[in-house]
Every structure is written in C-alpha cells, then in structure tokens.
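What follows is a group of structures, each given as structure tokens.
Each of the next two complexes has subunit A plus one other chain: subunit B in the first, subunit C in the second.
Then we have the complex of A and B:
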C-alpha cells in the first residue's frame, strides 16, 4: 500500500473518532435545549426532533420565570463570582509580588505555606468554616461565599502570578525607584499592567468552579435572598420534578450563562492551560 | 550606608491580605475541624473525648458499615476515572496534537464544553436522558437493535454507581485531554524527526517516544483525579440526593460527611462526627498526595528540552 493512501485513512479515522466524541459530548446539552422549546406532548412523543411550528412552546420558560427568582439568583452568582475574582486577583497578585520581588527571611517558607492550599481541598474544613460564619454572623450572606472562594483561589493565583512576576525586568522597576516611586506605585503602575495576561488566565481558571459550586452555597448561604444560580436551579428542579417543561427550561437557563462565558473566554482558557500555567 | 536597614513594611502590606484570608478561612478551619473531631456534645456543651469518635466510626457496626461502604464506593469511583477518563483523554489529546489535523480548535472547544457545566445541570440532564419515563436512552438503543440491554441504570443498585462515575467521566474528560495536549505540544520537533529518521512513526512513535515523555503529566493528572474524586459530592447529590440512593449504593465520602454533618430524615446532624469523617478524608487525601510526591514524582525522570 502506498503511504498517501495510508495517510488519508489515518486522517479519516482521526476525524471519525473526534466527531464521534464531539457528538457524545454535545448530545445531552443539545437534547435538553431543543426539548425546552417544545410542548409537553412532543417532548415525550419525539424527543429527538427539533421544535417546529406545531410543537414549539415557551410554557416551560414562563413557569420558570414566574416561579423562581432566577434574576435574583443570577445577580447573586454574578456578585459572588466577580467579587471573589477581584479579591483573588488583587490579594494574590500582591502576595505574589512580595514573594517574587523581595528577599526576606521566611520567603520560601511562606511560599510553601501558601502552596499547601493548592493540593488540600478547602471542603475538608467545612464544619469549622460554618461554625465560624455562624459566630461572625456572616452565614447567609454573599460575603461568606466570597471569603471562602478567595481563600480557596489564592494559593494557585499566588503560584502562577509569582512565576510571571519573576520575568518582569528589574531595570524597569529600578528605573521607577530612581524616579522616586514608592514600592506600592511600582507594583500598581508598573508591574500589574505587565502581568495582565497571567491575571486573565487565573481569572478564567477560577471563574467556572466558583460559578458552578454547589457545596458552599448549600451550606453557607441557603437562604432564598442569597441563593446562587447553581443552588437555585438545583432547588427549583427538585421541586418541579414532574413538570418536564419547567425542568428542561430551567436547565437550559442554567446552561446559557456558562456557555456564553465559555464562548467569550475559551481562547483565554485554552491558551492558559496549554501555555503550561498549571504544570 | 551606616544606617541600619529599615524594616520593610511594604512586604507585610503586600503579603497580609492573602495570608490573612487564607489562614483565617482555610488553614485555621482545617485544623479546627481536625480538633473538633476529638470532641462531642453532651447536654449542649462540648466535651473532650479523645479518639472516641474515631472508635465509633470504625468500631460501631452502624457507622463502620456506612464508612467502608462510602470508602469502597469512592475507590470504585476513582478507579473508573483512572481506567476510562484518563485513557480517553490521552487518546483524544494524541489525535488532536497531530500537526496537520484540521478543525482541531473546534473539536477541542466542543469536547471541553461538558467540563464547564455545573454538576446540577449534568446530573439532571443525564437523569432525564437515562430515565425510563422519557425514553431517550431506550429509544436510541432500540434504534440499533439493542433494546434488551436497557435497564434503569440509575435506579438499580448494581449499576447506579458505575453509571454516575461514567457521567462524571463524560463531564471531566476535557481536563486530562487539555493537560496532555499541552504536554504533547511541548515535545520538540527534533526528537520526533529523529525518531522518524529511525523509522519510528505513527502509533509506535506514540508508545515509544511520546508516552514516556508525557509520563510526568499523567502523574499530575492522576493525583488531580484522586484529590477531586475523594472530595466529590455535587454530582451524586444533584442526581441522587443526600441519601445517595438506591439504598446508599452511590454513597461516597462527600455525601456521607454531608449527611452526618447536617442530618437527614430522622437522624440529627452531628458536627463532631462530621469532623471525624472530614479528618478521615483529610488523612486519605494526604496519604495519596504524599505517595505521589515521594513515591512517584521523585522517581520520575524529567526531561529538560
């Protein structure tokens, strides 16, 4: 057999395998979203068919928007995610700068201490975290979640950002010092803008797990007015188990924001992973 | 320059916020949880009981059956991930990393989509698809003439855990795929070209050249899988509830701890037994991480390019 034909066969097999797996990956999402636009009868009669003029129905979405306070949940998730990312990036970058820039006693030890948190899951400490949040009155507030996610995200942020900060040229910082800039100005004016790509990577890594977390909202903030979208849809779907239209619509509504975020940030995310930020 | 070096306050200012939040919300509660496992509640006050809770967990028949059941299930959960998720991830990455493959970016992004969805969505979506009421799964099996293979997998004790593990594999295959893909891209072309000159191409190039070079990444993926699996909770809770049905057949350490800590039905929540289980989980994860760090990683040769 000649090499060209062998090659074409290989390419064909590669595409076949990838298309097959892509279908497996996307099929459930596709099924949920198309059926959320159908009336109840068509959901059961022809689950695989696209909605058409006859079977099209928004009844599920109407129920969801009437019953659940999805805008509030969405807003809560937004506040928690953006707030946590802000503190992870700010505190993480400051600590990373201290570790990368200055030589002081205990520098390595401090780095190791912070690195502990990369491997050990914060959930192990849940019992004591809840007790502390109850004592400080933070339970059922969004602050409880923001604090927990900040603590959880900081170690990896410090680790990644300090790698990048070591690459910022010393000449630049020293020129700033000669011009009389304070250390704080050097950090905020000179260094932070230069590590912006790394900050974006850290943000994207942290964003999805925070948005999707169920454990801490369930334990620290289960009250109606502070429910996140993930917990809200979990509770809502649990209540409407028999209303298939509502369940499918609620699932689709929960999928859409993450999918939108992914479409916006997927290049950043994939570049972050493949550039070896998490090795 | 006789002046004594001033104390550099700015270092403290830079470090303080991250270290304070991390210490107060992560490290301190972690040790406090380990401490709480040595106490119990008698007449609404906390009493020190030493290792009594651990004796109950491992010695009391009711507790120990539940614990070993959860631990065993958790190992099965982990084994399925290691045997299915990671090989599929590696295979997909190997195909994707082929330099002349078209649409690679599209496949990569599409296969990663399940990973970004929340457990709630994944759990319910699969529950609906596998449900005998809706009939998507039996209908599709029927179409290829395999209807007899269908069973309500999530409702049967003998299949439920494996089914949920496979759902979790479906969700997370993107992570090993991406990490291995990155590792494969970092192999320099000269090495592959040298192999090609020696006549090593295609599959044998993968087994003889690429696989040994990406072993460190496979090690990292294994330990990440281990930590994530022994800390899992969300998917089981979203699909089967806190009781991890049917008849606790999908109970893993995370759901066991949640039930113990918060209580369910008639059993009251017990923070001290919850801490005890958390301590056991901590020990298991610590042993796994140490085995990896000292047993595997230090022995693995790292290739510098």
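Then we have the complex of A and C:
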C-alpha cells in the first residue's frame, strides 16, 4: 500500500477484521486437532481445554494406525484426488480450447451441453453409474472413482477455462501457426502456461469435494483395498458407540494432504482471483 | 516474378461478406500498404494471405504457387503482429529461432541467421532476456527479427506501429523503410493511418467495405483520386468537400479542394469566417465557416496572424480542385 494513503487506524481495523475472521474460520479445525490429543474423558469434560500432562493421550492416533490399513486409505485418496484433478484439468482445458478457439458447427450447442453438467448434480445418475461400473467391471477399483470425479468436475472446468482462453491473444496463437507449431504445441506451450492461474483455481475448487466425498466411495468402491480416507474413517463411527479419539485423529490426519496440495496451488490461485482486477 | 497474386478473393463470415472479389498483384520487392477505415476488411485480407483464414472463393498465389490449401508455416511468409505476439516463455534468441527449429534447419544456419538479424536490429544487448523485460519498441524489433530470420518470400505487417507512442512510431517507421531497402523483400503492410501509408508505400491499396477502391503510388492517389472516398481518406488535414461550390458542377455534385491548395486572397471566390485556429509553428490550420454554412479547413504554410472571428476570402486554382458526381465518382469539370 502507498504510504500517502496509509492510515494507521484503517490498517489496524482491516487487520483486526481479518484476524477475527481467521480465528472464527480456524476454530473448528483447532478444536478437532487439540481434542485428538486428549483422552476420551477429557474430550467430553472440557472440550475447549488444551491437552495437559493429565489429559494428553495418543490413544486416538494409536487406534487409527493400528486398526485398518490407514496408509493404504491415504494412498487411495491421494491417487483418486490427484488422478481426477489431472484428468479434469487435461480434458477440461482441451475442450475449453476447442470451444474458445475453433469455429465449427454446433459450437454453441456443445458449450450449452457441457454447461448442463453444472446444473444437474451427478448424484442423480448414481444408479445408472453403478450399473455401468458393474457391467464394465470397474466396481471396487480406483478408476471408477477417478472417472466419476472427472465427469463431475469437467463441466465447471470447461466453463471457467474457456472464458480464460478467450482472453489469450489471438495474435500469439497465430504467430505460433505461422512459425509452424502444431495445434497441440500451441495449446500446451503457449496457451496453457498463460491460463495457469485459472487452472489452479479450478484445481482447488475441485480438490476439496473430491477428497471429502463419501457418497461415491461408499457405493462404487467400498472394498477394503480401495477404501478412501473418508470412507475408512467411518469404521470408528458406530450406530451406538463412536470412538471419538480415533475419529478426531483420523480427521486431523486427513487435513494434512489437502493442506499440502492447497499450498502448492495457492500462490497460483491468488493470481487467478486477482488476475482480472490487477493487470 | 510476382510475389503475390489474388484472384477474385471473397471471404464471408456466415451471411456477412467481409471481402468482395479482391484482385491484386504484388511485384517482387514491392512495398504495398493496405489502408482503409477500421472494419474495411484489410486485416482479414492479410489473414487470408497468411492462411490464418480460408478464402471463401478465389485463389491466393504466393511466388507463383497457389497456396489456398497450404498451411501458414509452409507459405513462405512471415508476419509481424500489432500486439507483438512474442512467446512469453522464450528468450529473445529463442523467439527468433523457433520457426527455424520447426523447419529442422541445422544449428549453424539458425545461429547465423539469428545473429544477423540481431545485428541488423541492434538487439545484441537483449538476446537472453525474456519479452516481459523489454520495452514496447524493443519488443516490436524482436517481432520484426522473428520475421527476418525466416527469409520469407513475403513479409506481412499487421498494424505494427499502433501500440507504440508517437516518437517511437516515427523511428520504427523509418527503420521499416530502411529494412525494406536492405532486404529488398516484398512486403505487405496494413494500417489505418494514412501517414504511414503515404510515407512507406510503393503502392497503396485503399479498401472500403471489403472492396478495393483504388490502387496506385502514393502521389498518384493524392494527385488523382478516383473517387470521393479516396480523396478524403488520403491527405491530412482531409480534403474539403463543398456542395455549394462557386463553380459549375453536375447536378448534386461535390467540389473537393485540399486545405493546402487554398489561399487567403482579397476577392476570392469563397467567403467565410474563421471559427478556430490551430498554430503548429511550421504551418497554421484555419477552420472556416463559409457564407454558405459549410465547413472548411485551410492549411497555411508558416505562421499566420489571422484571429478567430475574422472574415476571410479564399481562392484556389481550378487545376488543383476535384469534382465528384452523385455517385462520388470523379468527373471532369
């Protein structure tokens, strides 16, 4: 900010508001993390207290690591999330490029068709999807989840990315054509780097719902060896007894990979959000 | 040999006809400028020549070969864009070398041609920089360099100076003219700026609404415009058109007199009042409302003390005036 326009009170107020919001947003996460380090009695007696020498316990983490194959669940979730994001971005960007760049019959119609996917929730088709997966033998494979999530994420990706691709200078693409670059190289080398912030935005918006999804893993891939983290954590929640230590520990652990992915994308994301406003 | 021949080239976008039966030849080594108001189709015509758009009808021949179905990279052309269109992820050197690498030229040839272009355009200090670290003028020179290294049969310039400021525009204009003399290559240059057209061209092609209005050398078009549009488009300030002229005209006709061919003279045929004066030092422009309620501009060479509100009488030689009929075509008088 410019020194001439800086006002101590305004700066203070702005920071105060932001800090307050941060505290509110982080509070539930904080509660989950501190309680995951306490024994069961302390969780219910004093849920807001920090773990001390008396209440500190790693029992939750021990249960999580002992019971079930937690690293496998982690790995499954990671494969599904990263794989889905890869295909969403790849196919979404390619479709967006075609819609934005080429004049062909049915261009508008195709765009509208793809936009339908934004309006109709994919879960409506769960039964049909399950039947298809059964017939193709993909039930209880990670591919089933990756395919479904790719379908789920693509419409919004196409929608956002085609808007950004229209802004990429025509001259640049034409310069590439005159210099003899193939359409694929123009797409991968010239256009994709310029819409990277938009790609990061799409990636972040898609990442969290995929990581957190319980519906499709439960229906399409409930087998032990392909369980995702969210599904795996459900074993601790019973109808009558819930192992809160283990649930809280599992949730704490589940935050970490998303946090890591978010950090990777976040620098790009900020540029993506502000790219229209600040040139 | 002719560098470019266009025969009956038409281009439509859906129901809109952007180019209508363009016939044109560009001789070897000629500098041809396409000029016209915005939306006249000049950029589209350039893109058809480059192969970035397909002609709806007609043939495009470059260096004697019909290239209608040849991709842009194989047409033997190079293009310089208004927005420079440099590859942001490549250094200046790699920007220039990319097309040659695509053609699978040997390394030694690439090295030689790039360094020659770098030297010609005085870019030596910048070869390892990225385009984002260069100023507008430097970027445009890199874009020109990228065209030079290809050693094309035909250079295409798409309003290359529009993004530069006035001083730089003049310098770059001179550089392009020098480049044309050094390379003696065929060049096509698109602009909406009549000054660029007049100063650079061997041959000007004036376009309006997708049609060629007139083709000729700058002085031919200035001295001998075929119609009212060409007469009014070339020359600055623009030609004066009078409906109520002091001479005999065909019914509904128009008289055209260039501002520089008018002079203040007692007893002149046109009478009026000065409404505005522009003093440029070297010359003075007077805006005049005639007694017949028409507006005119007079360009006087040197400095002139005529004040706003003064009554003036203007005279011109019939030999330097033009007459146009109701269809805006030139007629004798």
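Please note the rule applied: the second predicted complex is superposed on the first by the 204 of 279 C-alpha atoms of A that agree within 3 Å, B and C clash if a C-alpha of one lies under 4 Å from a C-alpha of the other, contacts with A are read in each partner's own complex, and residues count from 1 in each chain.
What we mean here is this: a residue touches a chain if its C-beta (ideal position, glycine included) is under 8 Å from a C-beta of that chain, and two chains touch if they have at least 3 such contacts.
This structure is a prediction, so every number in the text was calculated from the model and none was measured.
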Partner chain(s) touched by A:190 [first = subunit B, second = subunit C, both, neither]: second
Larger contact residue set on subunit A - subunit B or subunit C: B
Touching partner for A:172 - first (subunit B), second (subunit C), both, neither: second
Contacts of A:41 with subunit B and subunit C, given as first, second, both or neither: neither
Touching partner for A:31 - first (subunit B), second (subunit C), both, neither: first
Subunit B versus subunit C as contact partner of A:114, first or second or both or neither: first
Partner chain in contact with A:181 - subunit B first, subunit C second, else both or neither: second
Subunit B versus subunit C as contact partner of A:10, first or second or both or neither: first
Touching partner for A:90 - first (subunit B), second (subunit C), both, neither: first
Contact residues of subunit A, present in both the subunit B and the subunit C interface: none
Subunit A-touching residues of subunit B, taken from the complex the two chains share: 8, 10-11, 13-15, 17-19, 21-22, 24-30, 32-33, 36, 88, 91-92, 95-96, 98, 100-101, 103, 105, 107-122, 124-126, 128-129, 134-136, 139, 170, 173, 178-179, 181-182, 185-186, 202, 217, 220, 223, 227, 231, 233-234, 237-238, 254, 257, 261-262, 271, 274-275, 278, 281-282, 285-286, 289
Subunit A - residues contacting subunit B, complex: 10-11, 14-15, 17-19, 21-22, 24-26, 28-29, 31-32, 43-44, 47-48, 87, 90-92, 94-95, 97-99, 102, 104, 110, 113-114, 116-117, 119-132, 147-148, 150-152, 154-155, 158, 182-184, 187, 208, 211-215, 218-219, 230, 233-234, 237, 244, 247-248, 251, 254-255, 258-259, 261-262, 266, 269-270, 273-276, 278-279
Contacting residues of subunit C [partner subunit A, same complex]: 47, 50-52, 71-74, 77-79, 81-89, 98-99, 102-103, 146, 158
Complex contact set, residues of subunit A against subunit C: 169, 171-172, 174-181, 189-190, 193-194
